[in-house]
Each structure stands twice: as C-alpha cells, then as structure tokens.
Amino acid sequence: MARKEYSFYPGCSSERRASASNYMVSVESMCQKLDIKLNEIPDWNCCGASIGYAQGGELPRHVMNARNLAISEQVNKGQDVVATCAACWLGAKETKDRLAHDQGLLAEANEALREAGMNLVYKGEQEVRHMVEVLIEDLGYDELRKPVVKPLEGMKIAGYVGCQTNRPFGIAGESFENPKYLDHLIEIVGAEPVEKYDQKVTCCGGALAFSEPEKSQAQIKKIVESAYDYGAEMIVTPCPVCQMNVEIYQGQINKRYGTKFNMPVTYYSQLMTVAYGGSAKEAGLNGQIVRAPRLEEIAAKGR
Amino acid sequence: MADMKVGAYLCQGCGLGERLDIKGLATVAQKEGKAQVVREHEFLCNSQGVAMIQKDVAEEGVNRVVIGACSRRAKVEAFQFPTAAVTRVNLREQVIWSQPDTDEARELTQEMAADYIRMGCAEAKKTAVPAINPAAGHNKRILVVGGGITGMTAALEAARGGYDVLLVEKEAALGGFAAKLHRRVPFTEPFADPQDNGVAALAAAVQGESRIQVFLGATTTRTSGAPGAFSVDITTESGPTVTENVGAIVMATGFRPYDASRLPEFGFGSSPLVVDQAGLEALASDAAAKGQAIVRPDGKAVKSVVFVQCAGQRDETGTHLKYCSGHCCNTSIKQAMYFKDQNPNVDTAIIYTDLRTPGNGEDFYRSAQRKGVTFTKGRVAKVETAGDGLTVHFHDLILNDQAATISSVDLVVLATGQVPNSGVDIEAKPAESKDGEARVQSVSILNLTYRQGPDVPQLKYGFTDSHFICFPYETRRTGIYTAGPVRRPMDIAQAVEDATGAALKAIQSVESAAHGRAVHPRAGDLSYPSFRREGCTQCKRCTVECPFGAIDEDEQRYPQFNEGRCRRCGTCMGACPVRVISFENYSIDTVGAQIKAVDVPDEFSEKPRILLLACENDAYPALDMAGMNRRVSSAFVRTIPVRCLGSVNMIWITDALNSGYDGVMLMGCKHGDDYQCHFVKGSELASYRMSKIDDTLKNLNLEVDRVRTLEVAITDIERVPALIDEYAAKINEIGMSPFKGF
Amino acid sequence: MGDLNTSMIEKYRNDFLKEVEANVEEGQWVKMCMQCGVCSGSCPLGPSWEHPPQEIFMMIRAGRRDEVLKSESMWMCTSCYNCIVRCPRELPITHIMHGLANYAHRLGLAPKMNPTRRFAKIFWDNIAKSGRVNELELSMRLYFMDGFKSGVQKGLEMKDIGIGMLKTGRLNPFGLFAHKGCKDIKGIHKMLKKAYEIEDRKKGFVA
Amino acid sequence: MADVVATNETIVVVGGGISGMTAAVEAAETGKDVILLERSPSLGGRVNQLYRYFPKLCHPTCGMEINLRRLRGNPRIRVLTLAEVDRIQGKAGDYKVSVTIRPRYVNDNCTACGACAEAVTREIPNPFNYNLNKMKAVYLPSAMAYPQRYCIDPSLIGTPEAEKAKAACPHDAIDLGMQEQKLTLTAGAVVWATGWRPYDAAKIQPYGYDRFANVITSVEFERLADPRGPTQGRILRPSDGKEAKNIAFIQCAGSRDRNHLKHCSRICCMASLKQTHYVREKYGDEGQSTIYYIDIRAIDRFEDFYQKVKADPRVRFIKSKVANITEDKDTGDVLLHGVDTEGYHRYDARHDLCVLAVGMEPSADIRAVADVKVDASGFIQAASATDGIFGAGCATNALDVNRAVQSATASTLRAVQVVNRMAKVEGQ
C-alpha cells in the first residue's frame, strides 16, 4: 500500500512519444522514489487547453473536462485528481470551478455527459490538483528532502514557473508575482536557486507558438536571456508547454536575434529523480533537445 | 486684593545645579527681584518640592509663585497652585540646554539665568490670579437656526444631552432640502440601494421631544449678547416677534442648488427635458406619489437618461463654482438607480471626469454597475434638442473621441453644486465676485448686532468653514457654531455627524460661559480684558481688529467688551495706542516690566541685548525643542512668550529700544491665505503694525534692522536658533544701540 | 453565418452591451470595469493589441460592435491570466477575451486570416476527432494550412526541431496513422454534439 | 494605578491619536471626567508622524501643541499610556473596562533630562520613523512626546545597559522592576478612537514593496520629508541614499481593490497631491512628480489644491492603475509598466523612487474586546440608541484629519448624553 494514492490525469503531451514524454518518465520515477501511486483515469480525453476557446466555445470545453472528472469520480473513488500538465490542471480546475458556481451550466454539462454513455454524471466530488501541490502540501518540503542522495551541488538553476501553474489559481500561499516554491525545490535537491530571477512568471507565449512564432519567441528570448544574466546554467519548470517552448525554439531564436542560447530546460521531476539517485534514463534526460550535461554527470556518478 | 507676597523657587535638578550658580540666582531673586520668600530645591518638581511650595502658599501667604526651573510647557501638572499666580522661568530648555556646557560659556549663561529670574519676579509682581468674570452668562438654552436634517439633528442631539433647544425654521415645515429627496444615498451596509430620506422620522422625533421648542415660518431678526447670554428676536410670518434668551447658537441654514440656468450650453431652460438633480428628485417624488414609473415632464416614458457630472462645478474658467460639492457623484448614482430599479431596460449613462465615491461609496458605485448603470469618463460639451429627445455631445476621454454622442435621450440630469445659505459676507471686497453665485447674497441670517457685521464671517466661496484642520468648529463668532452644508459642501451622512459635533461645541460653550471660562484655543482661561474708560480715545482699533468681533461700541462710542465672546488673545491690547486694555495676568505691564527688568550692559561691554517676543503657540515650543536637542544659540537674547503676536503693543518695542536693547525680534505664525495663527488675524495684524515701525525707528535715528518680524512654524526646531544667531550677527554688524545708559 | 450576424443586430437593436452580456462567455462582467487599465498594462503581448481589454470594454459600452468583433486584438490573448489576477474588480478578463473571440468567430466576423483563429480551429478539430491531441497531425495540418508549397517551406524551417523531437522520442513518426486517441470516441462525439446543441440553443444561434 | 478614580459618569476614551485627544479634551471642557488610554508610550498617534497637512501644508504638531496644552492644564483628564483594553463588559451607563498597562520602567520622577539615554548604546528600530532608522533603546518617543517622560524598551531589561541607565538617572526615576499591571475601570460611556493603520504594502505583490528598496509607502515618505525624520528632511532613496528627484506616486495602492481593501480610503489622493509639494519644496524645478491614478478624489474645497498642483509643470498626471513594477538591477531605479487609459498610451516609466499611496484599515478590531457591529472593512458602524460604546475618527471610516476630529466631537456628545443620563439617575 503506497503512502499516497491519486487519480491521475496525464494529458496528451505526456503520452508515449509525445512532446512531454520525458516529463512523464521522470514523474513516474519520482513518484516511485516518494512512494506515490498514480491511478490513471481510464480513457481520459484532452482538456481542450485554453486555445480550445475559439472553435470549442464554452460548454463543449467544460464538457471535455467534466468527462474526465466524471470517469475519475466513478473509477478512482475518494481520490484527488492529479495533473502534471499545467494546461490540463487549469482546464479541469476551471471546469470544476465554473460548474460549482453555475448550476445551469452544471445541468447542461451533465445533459451532454449523458450522451457519452457509461452513465457518467459529474458531481464535483474530487479536488483537482497539480503534482506540485501534492509534493508541497501532502508531503511537504522536509519529506521531499529526505530521499536526496545526490545533491546537485554547485548547480545554479533558474526556476521558471510560467503562467498556468501560477495563475489564476496558483499554489496556495504563493504570490502570483513571485512564487517561491520552485526555488525551495531547487534548494532541496542541493542546487542554488536564482532567487531574483525576474522572468519567473513571464508568459512564454505558448498559445501563439505555432500561429505567431515571432511574438512568442520574443517572450522566450527574455526568459532565457535573464536566466543567463543571473548566471544560471539551467532553467527548471513545472509546465510542459513552457518546457517545450523555452527549450526547442532556442535554435530559431539564435537565428532571429543572433544570440547563442544553449540553455537546458528541465522539469522539477527530473532534478528530483536525479537527486534521489535515479539514472539519466529514469530522469528522462535523454528527452532533452538541449542536453543537460551536468545533470547527466551527476546521474552517472557512482553507477 | 490681599497684599502681594512673592515666593521664588529655584530648582537644582536636570543639571541646573551644576551649570548655574543657584545661590547667586537666589540672591538676585531676593535683592533685585524683591521676592519675600526664596528657596532652592534639588528636585523641585517631585512631591517634596511641590509640597514645599504648597506649604508656603498655605502658611506663608505666598500668592505669587516664581518657578525657576524648566519650561512652562513641562511639568504643568506639578506646578499648579490655584490660589497663587504662577510665573515660570525657563532656566532649563532656554538657558542651560541652549548654551554650551563649557567654562568659557559659564559667565554668559549665568547672566542669562539671572536676567530671566529678574524678569520672572518682575512679571509676578504685575500679575494676579484672574477673578471670575462678573458678566458671565448662565443661560444654557441652545438656539438652532435651520430645520433641515442638520438643524433637526443638532436640536435632537442637544436635547438628548439634557439641554433645552429652540429650533427656528424659515419654511412652514421641518425637513429642509432633504425633505424634497425621493430617497437618499445609503450610509449603512450593504451600501447597495437608495434609502428612505429619513426626514419624516427625524421630524417626528424632534416634535416629540419636550425639550425642543420649534418655530416654523420664522427667522432670527436680531441677535445680540454673548455666550451664556444671547438675546434673539424670533419673527414669525404673520406672528409676533418674540425675544428669547439663549446660551449658544448652532447655525444650520444649509444650501441651495447652483442656478442651472447659468448653463445654457447644457440646454437647461431651453428644454424641459433637462433638469438639475433637484428637478429629478421632484419628478421621482411625483411618480412615486402616483405609484408610477418616472416619466418625462411631457408625460412620455423614459428610455434613456444621461447624467452630467460637475455641471457648473470644478470650473477652471472662473465662470461657475470652483469647488466640488462632494455628494453629486453618489447622488447621480442614486438617481440612476431610481430608473434601473423600476426598469432595467432604461439606459442610464453617467458622464464624469473623476468619479468621486469615497469610503464605502465604492460599494454604491459597484452596485450601480451591477444594476447596469453605464459610466463614461468624458467631458460634456453640449446638450441639444433633436426630434423628440435630446442629443448629448461629449468628449469620450477613454476612447479619445472628441465627437462622441448619445442620442434620443429622454432626460438629461445636471449635477450642479451646493451654494451655502450663509447670509451676508461681511468681508466681501466688491472686486472679487468670481466664484459664481457664492458671494452674491445679502440677506442676513442671524442679524447680529455686532460691530463687525450681521453674520458669521465666511472662509471661502461663502462657506462658513473653519480654517483650521485640527479644529473644524472654530468660527470667529464665539458661541456660534455652524454645521452642515453651510459650513462646507457635504452629504447627509456627514451633515448628521457635523450637526452632532456642533451641538457638543454649543453645549461646551454654554458650560464654559457659565464659569466665565474661555473656549478654544485658550480653553479654561479665566482672565478677561478690562479697559480704563477715562483713558480711551475712541479710536476704534480694538473694535475693528478683534478677530472674534467681541467688542462693540456703546452709545457714547466707547468700546463695549463682551467678555463672553473674548478668546483672550490680547489683539485689542496690542492694538490700543493709549494702552488702556489689559488682562489681570497679561498686560502692558506684565511684559513691560520684564523688558525693563533685564540688566542691559553698557555699550562698551560688547554684550548686546536682544529682545525676542515669541508666540507661545508655535515659536516658543520650537525654542524649547531646540533646547531639548541641545541646539545652541546666542546668549544675548531674552525671550518673552506672548499669547499671540497680535497682542504685541508698540510700546514694548519702543520701551526696549529706549532702554538700550540693541534689537527686537518678533516671532509669530504664518499669515496670508494659509494662515496658521490660532487667533486668525493676530500675526497678520502684528506684521502690518510692524511694517509701520520703520518711521518710528527713523525718528529715533535707529537702523531699520533694530526690529525684525519673522514667520516661524513649530517645526522650525533647527531654523529658529539659526534665525536668532543670524540676527545676533546682524546686530553685531550694525553695532550697539546708542540708547544705552539713558 | 452572415445571417446569424444580422439577426443578432436586429435582436439587440444596437445595444451591443446587452448582446455581449447575453452571448459572450462571462459577458455580464463587462459592465463592472472601472477603466483602471491594469489589464491592458499586464498583458505580455500588450503592444500587439490594437485595442487593449479595458478599451474593448469601453468600446462595447459605446456600441462599437463591428470594431470590436472584427478586431484582431482578442486573438492576441495567450491565456497567461495576468489580467485576471490583477483586476481590482475581479473581472474574468481572459475568459471574456476568449468569449469575444469565440463569438466573433461564430458570427463570421473574426478576421479570416488571423493565424491564431485558424490554429485554434485546427487544434479543436484535431482533439475533437480522436479525443486527444495528435501532435504530428496537428503540426502537419498547420504547416500545410496555406497550401502545399508554404507547408513544405515551413516544414523545412521546423526541420531541426522536428528531428530533435523525433530523436528524443518526443514525436511519434507514425502518428498520422498509428495515433490511438480515446477508445470511446463515439461517446465523445455524441457528447460534443449535444454540447453544441445546448449552447447554440441557449445563445439563440439556432431558431 | 490604584489612584485611578472612575465612576459611571466617567468617559473612557480608547486611543490617544488626534481623534482620542479631541474626544478627551472636548468632553473635559464640557465638564466631564475622562480617562484617556493610549497603547504606545505617548500621545499623538499617526498625525504626529506626518510632516504637513493638506491642504494648508501646515504642521500637525502645531495643533498638537494646542491640544496638549488643553489637555495638560485640565484636571478632569487622566492619561494612561502603554495601556491596552482587554475587555469591555456591561451596558451603557455601567461599563467595566479591563485594561493592561505595560511597564515603562520609568516613573513620574522623570524630568526628560535625557541622562539615561546618554548612558546606553544599544539601538532599536525607531517606530516613529516606521523603522527607517534606529534610536536608543532608552528614548523619548518624540520631541513633542506627552507624557514628557523617557521610556525603556523591554529588550533592555536584564542587561547591564539597563543598570547603566538606572545609575545615570539623577532623579531616581528608573524602576527596572516595574511590572505589567491589570486594572478595571468603571465608565458610563466609551469612545473608541483607535484609528487606522496603513495597509500592508507587501501584499500588493505586483509593486514589489517586499522586493525593491526604492518602492516605499506614503507614510514612510512623510518621514523622509520631515526634518525630524531619518534623513533630516532630505528626500533620499533607500537603496543608495541618492537624491530622489523623479518620483512616482501610485494611487489606490490597496484601496478600491477587491483583492485588497474594497473601500476607497479617501485621503490618499490628497496625500499624494500634498507630497508633490514636498518634492517641489526640496528640488524646485529639478523635481518631477508623476501621479498614477484612477480618479482624483479631491472632494469639496480640496479641489482648489488639486487645481494648484495640476498647474505645476513639474507634476504629471497619468490616468492608469500601474500594472506592475520592475527594478533595474544595475541602477536600482524602478520601472513602472502600464497603460495610460486616456487615449491608450503604453508606458515603461523609469523613476528614482516610487511612493505607494497605501490605503487605510482599522488598526484594532474592537470585536475582540466588546460586542460592537463593524462593517465588512472592519470599521465601526453607527451605534444604536441603547449603546454606550461609540466609534470615533478612523475607527469608523477612512477619514481625513478634519473629518476625524468632526467625528470625534460628535461621538463626544453621544458619550456625554449617556453620562448626563447617569448624572440624573444619581441625582434622584
């Protein structure tokens, strides 16, 4: 019996061979080390993401999330729903929030749900939480510190929180403008956080990455540049959209602006997996387009 | 008066013993000061020290106590001896703390202390414990003029305090302006909806209160006397004039709306569809009476209403009211709700430049938005009749659209301001009638028989407000307090508060009058001015210059002091060219004797003497605090605190110069528009009088620099000593006075 | 869709604010704006907005229907939620912007060529088809949305990234035919169909 | 304190700021007995920490001097400092007010000669200057302090320094053994005038008060401008002591904001307009003030003041709620980001210093000691006819000084009504 069990909503980008598969790998390793059991919501569907608004509109977007939550209520009784992807977490949480405050919308959602078969009814019984909340609130920093066997000594890391894990809901007790939990996590795994990092919560323009790349890349440039300015050798983030955007477009940004960016962008779960003694593979480091050599070294140590 | 016995008490505490030769000072007190009893004590303000003095007062018959210790501002509680006149000699803050603690400085410091002892003893001999004013008035009834919300509240609150009240209302019914309101702005949570105007309930309470006697359709046609002894003629339409005695007066005559017909650009007058806020209230009240929705004056239904804020207010051109009336934003919001609450489909737009809903008004603002009232930041240029309705042309400041319009409007409501009903502006200068209608008014409210005019002096724009931030109820007519929108633009909630405060001040005034006590700022002072009739030349300066209109003229045109109205500033004393006015404990002599008591060294001594007459309210405390900071300044200065620079009589200056002083400094409060003089005109009058002194100096063949008048503030802790040193240097430069040793 | 637009115009007799309140997600909040401008200043793409949110709210009150609905501005929203958390009146600005975009899109007034509008459509179609995002198909359709030639060109631009993703196992080379998606895709389709019906009925998009 | 005499004709005033002092002197001058309780070691409250008042630009200490003189000379007033109310029980005309008095460690013998302070070296943050500087741990709270007696900080007790102070006192005024005291006062009525406190600016995260040295509050700015303040009246910025000539004022910092204070704090617009005068006073045409506002709320005659400031070419007005502030880490300058909503202009404005016009909230929650109704913002609501506890000043609403005094005077009458009723009852 694991010490903690959750109803798990991985989200599209976390699927095998999807853009955040490396995130998924590291989350699994991390949870194993922390003895957290994740029960995947069967046949979950896409959250619709924020960008779903234009075509999807209001109700269809909420219904997509209501379906996941309803299945969870049915299958993973009494468990909180946990998401690792910021967009999934936000989408699901927003739906829970709106349906809780709008009885009309709730009725309509359930009317639509009925069509989905499996006699699904959304009741709003379960909390919707982000993996980071689980770590901080259910385990706590002290517990997270215990399993550290390979402190990431000498690494200076910029904690990039981004938007959707931070706003509008955010992590309890953290400020929207200057959340500190990533810095705490960085410090816990033995690295040095860039506390004054001033692009912590800057938007990476993810929603426009495809449609208006020059706009989103201007944002990404600020984010990476500031990390360099503060002498960081790596950026860490809790959000797959942020991770992908900030990492993979560095080449194009270098072309566009003549910069020489080569900044690894990893997930908190990867840092923790390595610090907890996991291998580079377990940490999904092979999933980095911009490699994280120092992290790989540490992971390789003593193997 | 029992024969005078002076006791001088010298403290050795706080370093006085180390820094000064107290024995020497004792000798000065005895030999030169002629003090019959002289005692030293190592710690005068402690219980034994005080007991020692009390014993002398009780058993030795000491009735003039000279305390040679710290400032009169310190240890006040300790040194109170009701049966003896107390003189404080400030040896601490303004001698040892303002002189360097060095052997070189010892001599001058000791001389300084000795002079102050001489001055203290001299003052003591000229002063006496004030006897209670024989003319003290004992009437405790309170007259309230004006039967609106403010007046009714003042009357009711005073009555509930246990005082009898006369309430005079010019209309045939109580209620005033508020009675015409359909509803009023809420002043309790949730601040969401218009409330009943509350007038009926209040009027009923007033009529039900046995202590209140109401005069309807009545005015005050004559008011004379003083606090505790006012005599008022109350004239009732088609009724007899009755004369009543009251102790204090609350003037709550309210306001009238600014005349909207001065705003033709907004179509007022030319279109019946344009009304002011009062007009809209009338429409709303009719509709309510008929149990219908509000309709246009022509009876048609209303689908769209536009509210124009600051109509004829906050006017920078000088054509209309310059000020903001404060309540109008909330009032328009309330009126927009009249429509929205009846029918959410009526469009209501409020066009404003700054929306002013302070405090919980913010909730009211939000509530209006929730109800669908539209708010537009813009400036209305013109309101035109177009077809069956109106078109409002305005500059939308957010969308920066110069030519924005709202068309087919059924009603336009102009938020015009409040104009006070404050009676005659007794200080009106014909030139300035710029602030719209405010000044142009001539019917007296109180019909005071005062020498200085029939009504309460106005501060600005016709409002009878106090100029003092810390003392909002200070009018310049003792025992008469104004409240409500006549004092300052205000809404009902504030008017209720204001009325209650004014009632307290009125009660306080009758209680003080009954004991012959002064009210603010010299609260509790029992002294009062007396004058030698035979010496008076009827020059009228005292009657003209008294900041509080306390002095009238009798049949033979002699000044007639109304002690009850006096605030004890001494401005009359300063004004009197023949020096016939004095207070028992503050007179030409109490100060003059101190000036003469100072030992003025001969011209070869290189020890100049500078007299500093310092306002006791600001300059003197600044000097004390400079001392507390051990800020050193010239040892040649001798400081005498005065009640107000206005009380400084020219004779003190000429006496000082004649007796060989090398210079005279006067330090008083700021005057001008933002004056800080607690007696309103004192420092201004002083500087005016001093501006004339140059001729006097020339006649005496003295340099004009021998007298210097300065404005200082209580915060000038660093500046005041600097000014002193500067002046000392100046005197040094122009040399010693030629008048020494005469 | 044009007729839907005209029918809306008639229905709300030029009272655009009422129209927005009735048809736009969270539209009833528009009237609560006090024009402080904190939203406009907080948007990371601020300079790209022809009309920032607070101005759009004012334009709605001023009845500038076409200007608002045809604007590119709402399409600049990156859903960063800065405006929401800073708004002193607690307006859900992000959602209102989404709602306006969606409404303009439904009425056919939204700028045809706005890339984000087109991306959003493709994205939704993509997830609606299989219940989950098919990243490869999604990107392919995006590259080729302006036809084959520019598609190839864009593809080339993105080549390095694509290869990088493939190498690191973050892109499925067989995604076009091997992508599984949800099992009960039928149920999802029925569910969405129903949801559209309800929403259209509620907003009077259909008689 | 055994000698404190109180009957049910006594009025207890809680709070020794301008409102409480006003209530006390007005009641006493009406012939009532008053006990004035103040939590800190001396009277004066917040106004004492202001440099100037709007709109006259006169000095608060000027009126303070008059009030202190009225109070010192009046035998009907008993002042208890370092006193806090624990509980108020009973009903109108018959209250029992339980009070705790913290030790001052200095008795009435003190003459404020200052020998004790000279003897010690330990320093503590100076609350009179909002902790912008330090002061001796043995101190006179301010030059105008009443009672004019020194005070020993508890942190000094038990240290050799305390003994030094005691030894230095020539008047045996220091009593290091002084203990906390509890007493219960009888009162006919209570006037609650505990005033306001500035809203915690650190909660307004976008403005980074907790992160950027050169973002300060309006109350702190008052201390910088005041000659009695930590910079002797020079406007120097905290980060590097450089002269701050280009200053931004942000209105509604916490007010009119559902995330913070939902009410408008009324005074802040006028306070900032006033503070632009400080900038002009110190730097003349070299100074530059910029006011970022939503609505300028210069009500009634204050409008004149607004017009005067508007006419100053060195003061700019931008209708905008600033979105956020960043810091130029090289210069320490602050950068304000936002949109001027009058016609939509974006700005990223650089300033030497940014002053947050922080809102007002009640400084004490009366519900902790008595059963009194307060509104959602915590302000005391109007009393009902049967009550004998009356709010006064900023405990009842966000008020400027003038209106606080007005409110205090009104509440004085309400209290007088109660004790006069009691007097009658006694009479029979």
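The chains carry the letters A, B, C and D, assigned in the order they are written, with residues numbered from 1 in each.
Throughout what follows, a residue touches a chain if its C-beta (ideal position, glycine included) is under 8 Å from a C-beta of that chain, and two chains touch if they have at least 3 such contacts.
All of these numbers come straight from a predicted model, not from anything done at the bench.
More inter-chain C-beta contacts link the pair A-C than the other of A-C and A-D. Chain centres defined as mean CA positions place D nearest to the mean of all protein CA atoms.
The distance from the centre of chain A to the centre of chain C, each centre being the mean of the chain's C-alpha atoms, comes to 23 Å.
Averaged C-alpha coordinates put the centre of chain A at 46 Å from the centre of chain D.
Taking each chain's centre as the mean of its C-alpha atoms, chain A lies 66 Å from chain B.
Per-chain CA centroids place chain B at a distance of 64 Å from chain C.
Residue positions of chain B with contacts to 2 or more other chains are 355, 377, 398-399. Residue positions 34-35, 54-55, 82, 85-86, 89 of chain C are each in touch with at least two other chains.
Touching of two or more other chains is recorded for residues 206, 256, 319, 324, 341, 344 of chain D. Under the contact rule defined at the top, the touching pairs of chains are A-C, A-D, B-C, B-D, C-D. Considering their complex, residues 206, 252, 256-260, 294, 319-324, 337-341, 344, 346 of chain D touch chain C. By the touch criterion stated above, chain D contacts chain B in their complex at residues 18, 22, 25-26, 29-31, 53, 56-67, 69-70, 72-75, 109, 111-114, 143-144, 148, 170-171, 226-228, 256, 262-264, 266, 295-304, 307, 319, 341-344, 375-377, 381-382, 397-398, 401-403, 405-407, 409-410, 412-414, 416-417, 420-421, 424. Contact residues of chain C toward chain D in the complex are 34-38, 40-42, 46-47, 51-52, 54-55, 82, 85-86, 88-90.
Those residues of chain A that touch chain D in the complex are listed here as 175-178, 196, 198. Of all residues in chain C, only 25, 44-45, 48, 76-82, 84-86, 94, 98-99, 101-102, 105-106, 110, 115-121, 123-125, 127-128, 131-133, 135, 139, 142, 157, 160-161, 164-165, 167-172, 175, 182-184, 187-188, 190-196, 198-199, 202 touch chain A in the complex they form.
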